[in-house]
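For reference, the structure I am asking about is given below.
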Amino acid sequence: MTDRITEQQAAKVAHLARLDITPDELERWTPQLEGVLEHFADIDALDLSGVEPMTQPYPLVNVLRDDVVRPGLDRAEVLAAAPAAEDGRFRVPPILGGDM
Amino acid sequence: MSDWELVVGLEVHVELATATKLFSASPNRFGDDPNTNIDPVTLGLPGALPVLNGHAVELAMRIGLALNCTVQPCTFHRKNYFYPDMPKAYQVSQYDNPLNVDGWLELPGGKRIGIERAHMEEDAGKSTHVGGSGGRVHGAQYSLIDLNRAGVPLVEIVSRPDIRSAEEARQYVTELRAILVAVGASDAKMEEGSMRVDANVSVHHPGTPFGTRCEIKNVNSVRSLGRAIEYEMRRQIDLVESGGTVRQETRHWDENDGRTHTLRTKEDADDYRYFLEPDLVPLAPSADWVEKVRAALPVLPAERRRRLATLTGQPADGEAVSSVVERGQDAYVEAVAHVGGDAARALVYVKEAFADEGDEPRVPAADIAALTQMEVEGAVTATQAKAILADLLAAGGGDPAAIAAAKGFEAIDTSALEAVVDAAIADQADAWAKFCAGDGKAMGAIVGAVMKATQGKADGKIVTAILNARRSS
Amino acid sequence: MSPTSVSSVAAAVRSGATTATALLDEHLARIAGRESEIHAFNLVTTETARAQAAAVDAAVARGDDPGPLAGVTVALKDNMCTRGIPTTCSSRILDGWTPPYDATVVERLRAAGAVMVGKTNLDEFAMGSSTENSAFGVTRNPHDTARVAGGSSGGSAASVAAGFSQVALGSDTGGSIRQPAALCGVVGVKPTYGYVSRFGLVAYASSLDQIGPFATSVEDAARVLDVIGGHDPNDSTSIPQQYPSLVESLGRDVAGLRIGRITDLPGGAEPDVLERLEAAFDALRAAGATIVDVEVPALTYGLSAYYVIAPAEASSNLARFDGVRYGLRVDASDTNSMYGATRAAGFGDEVKRRIMLGTYALSAGYYDAYYGKALKVRRLIHDDFERAYQRADVLLTPTSPCVAFPVGAKGDNPLAMYLVDVYTIGTNLAGHPGMSVPYGTGADGLPVGVQVLAGTLQEPTMFRVGAALERSMS
């Protein structure tokens, strides 16, 4: 039945998306995802060779702005909305997995 | 087994010298209070949208053209990954259609290092780690995020793996920096982070395929780059020679212990799920714009070295030409030649004495020109010229002939000099015998005696010529 | 007797015949009367509305021009940023978040003298077709509160249908303005992609989203679109044009226009809906238009392409909700764990499913198989529509395959819900405009909408036909 996405793949994808999902959710949703992906079979049957992908609804090009400073946001207002802040910075739990 | 060959490719990230960020109008400034250069786009607020900075495009084109790249129509992609200093959890970059492709950078010795691409992307914010050891992330209690740097325009310059030694790598970075500064694209300071260098290092036996490469990060100076590459090369060679295999991974250079350490393996690597950025439209600089940028490029370091070499007759890859160009003093040497000075002598003077003068030396070119003429005509010796030069520098100029007279420097008549030489030969009979027997170093004692007798006014070159003539006659 | 159209309201306020404050009080009274059974709003912004109404009245008293929408009450879908006013996207992950900036459309409405009565309920992050995916409860259809108002802009559609606001704004990514408009019996318009700025609209699918108006008449919708539309330098995808007023095209008759009937339209529409569509064709024919047959063969692949493209873009757009800078945070011992726990607690099931679907479609090894192909199908759909618009000036279709369905009727079956978008989705993929016009009633006396579709920037023709349909109903 699930030949487009397995529970293992769904779990991997949930991790990539940083979504903690329960085993129950994994079990219930994988077939639902499979169902949506299965609908794609109609497209799989098409010959799409020679068709250019469409990424832009309206063909604009070269939209640029001047290199001029404009007023930004107030730090106090922004940090007041933050879950945690210290010393003018956003505070988060330790970042594991090394420096990037 | 020592027929190992080192293969290095360098990825250099450069912060562009724009007034505002790549996709929003907050200031692009180093050193401000945390989170004071922020706006909805910088913060990745819901509903925020990017708008591309036209001046950043101009500077990115300058870099590409200065590196002999082709500027082409291009698009932006999202590179998706989670990290606290990435406010949108994706970085807007360029993936399969970058702005600049297929160029090269010429090292001082003339070797060309291929440039695969130089593309535009936005910078991330900065995280500081609190509570661990040495500010590293390992063992930290929490981290603090400053988004001032988030959104700053970057150009990533990717070389082909054409570098074959640590020295070439150092030259590449030094030359690249000179180019970036010359075109006004960036101040490219490694110590401030406006130029960041990552090295991809592998080893192989010549004639065999390239080995597995490791990416080295956290190199903060040109010198560290050389040390890190040399360490990593040795590490890989030792590993393979002892039967191991090199694992493809990212390694962190530790300046304190002089080693690289594993940071991330390939298995840990994220799947970035690149796709075209739907909030931006394609960028296709017109041929007119590209030509305008190209025409406005200044003369680049490699060309300046060539010109100075031609002018002075000195090698373009030599120390003198390289260092004078690097200091920006080649125009000065040209100015000296232009008012009648001897370019070769001028080069020597500038190389030796102008280290602290900057790119606009105070001493008028005419004064140096006059001094070169005096030396070339034999009115003063090289040693005397050096002394006059020191005075000119100290005073910010002067009349070399007057200074020479004040110091009592006169040329010594050649026949009088011959008499002094003959007297010295007679006086230093042992040394003369050794010299005639082929011991060139023995000449030193005789020359010394001549200098003493003439109070340093003899021209050492002429003395040597006389001695050689006496010996062969 | 209060003025009932946008133009008469604005005129009455400008002339002093009534005040913005009085009009506001009427609407607030209606909200007080029925909001508890309809639940159109996440937040009724009484204070702000009073202040805005007072400002309009003060401007009139001074002799200043209060704007073309003076005193017009407007409800805003709660995925548009309103400075200082909570904006939740009907999600727990933004519960209580207050934006520090206004969306461009919000600024333009305020400058035009409109009075904002509240932020309306939606399917969480605009993902849904019934507003049942809201974290704050479902919005019910004012015509029958046992039924849905449609989605994802259910709250905005219901607000207009119930008289809580004169007009409303929604967002449409796969039909989220047009479908609830049809189910609630009001006019709903999705403009050409790029016509209205998306700056400040919380993104669902960036290449598909557009903001548009709900109103009780085609003219009112035109007047709102005139105010909110036009180039915005803050949105790179905004078309660099200002548009002439759409109101001018409304009175023109449709004699000589070619109305396209899509002969290969995907099936599934209920008989009552199809009957109203035929009546619409008849009315336009009677008014002098010609009906022509066209084909849009690729349209049948629209749902498959949409349910890859939209979730893919959404998976990236929603990654910023990570608990670092704003919104909900569930604490943990390290940041990765914090992300996982925060997003698990903050997002509803449908949002999580679409994020997973989208992540999958973009992931290494699957991009070409899904996302890459979907983009090519998008090209086919666009080109088929373009070909159709060479033979017809507009196309006429049902908006929704059915009238409003009972709350809970689609169960926990996402695919069943997705099929409801079958007639609206192609327009978003093509980037074309579309509008739903109420056209009588169907089963159980519930509203039916007819959809007018047109080519890129053909809003004037689209509104012209919509107005003609509206006239034929009165």
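Annotations
For clarity, chains are labelled A, B and C in written order, and residue numbers in each chain start from 1.
The rule is short, and it goes like this: a contact is a pair of C-beta atoms (placed from the backbone, for glycine too) under 8 Å apart; a residue touches a chain by one contact, two chains touch by 3 or more.
All figures in this text were calculated on a predicted structure; none of them were measured in a lab.
Centrality by Cα centroid goes to chain A.
Across the assembly, the chain pair joined by the most C-beta contact pairs is A-C.
Most remote chain with respect to subunit B, judged by CA-atom centres, is C. Inter-chain spacing, taken between the CA centroids of subunit A and subunit B, is 41 Å. Inter-chain spacing, taken between the CA centroids of subunit B and subunit C, is 57 Å.
One finds 23 Å separating the Cα centroids of subunit A and subunit C. Touching two or more other chains at once are residues 100-101, 207, 233, 236-237, 315, 319, 322, 324-326, 335-336, 339, 359, 363 of subunit C. Annotation for subunit B: residues touching 2 or more other chains are 40, 43, 51-52, 82-84, 143, 145, 271, 273, 278, 280-281.
Of all residues in subunit A, those touching 2 or more other chains are 16, 18, 55-56, 60, 63, 65, 73, 78, 90, 92-97, listed in ascending order.
Contact residues of subunit A toward subunit C in the complex are 5, 9-10, 13-21, 25, 29, 32-33, 35-37, 39-40, 42-44, 46, 48, 51-58, 60, 63, 65, 73-74, 77-78, 81-84, 90, 92-97.
Residue ranges on subunit C touching subunit A, taken from their complex, read 97-98, 100-101, 192-194, 207-208, 233, 236-237, 239-240, 300-301, 303-305, 307-308, 315, 319, 322-329, 331-341, 343-344, 347, 349, 352-353, 355-357, 359-360, 363, 370, 372-380, 382, 413-415, 418, 430-431, 456. Chain contact summary for the complex, subunit B toward subunit C: residues 40, 43-52, 78, 80, 82-84, 87-90, 143, 145, 271, 273, 275, 278-281. In the complex of the two chains, the subunit A residues touching subunit B come out as 16, 18, 55-56, 60-70, 72-73, 75, 78-79, 86-100. On the subunit B side of its complex with subunit A, the touching residues are 18-20, 24-27, 33-40, 42-43, 51-57, 82-84, 124, 127-129, 132, 136-137, 140-147, 217-218, 252, 263-264, 268, 270-271, 273, 276, 278, 280-285.
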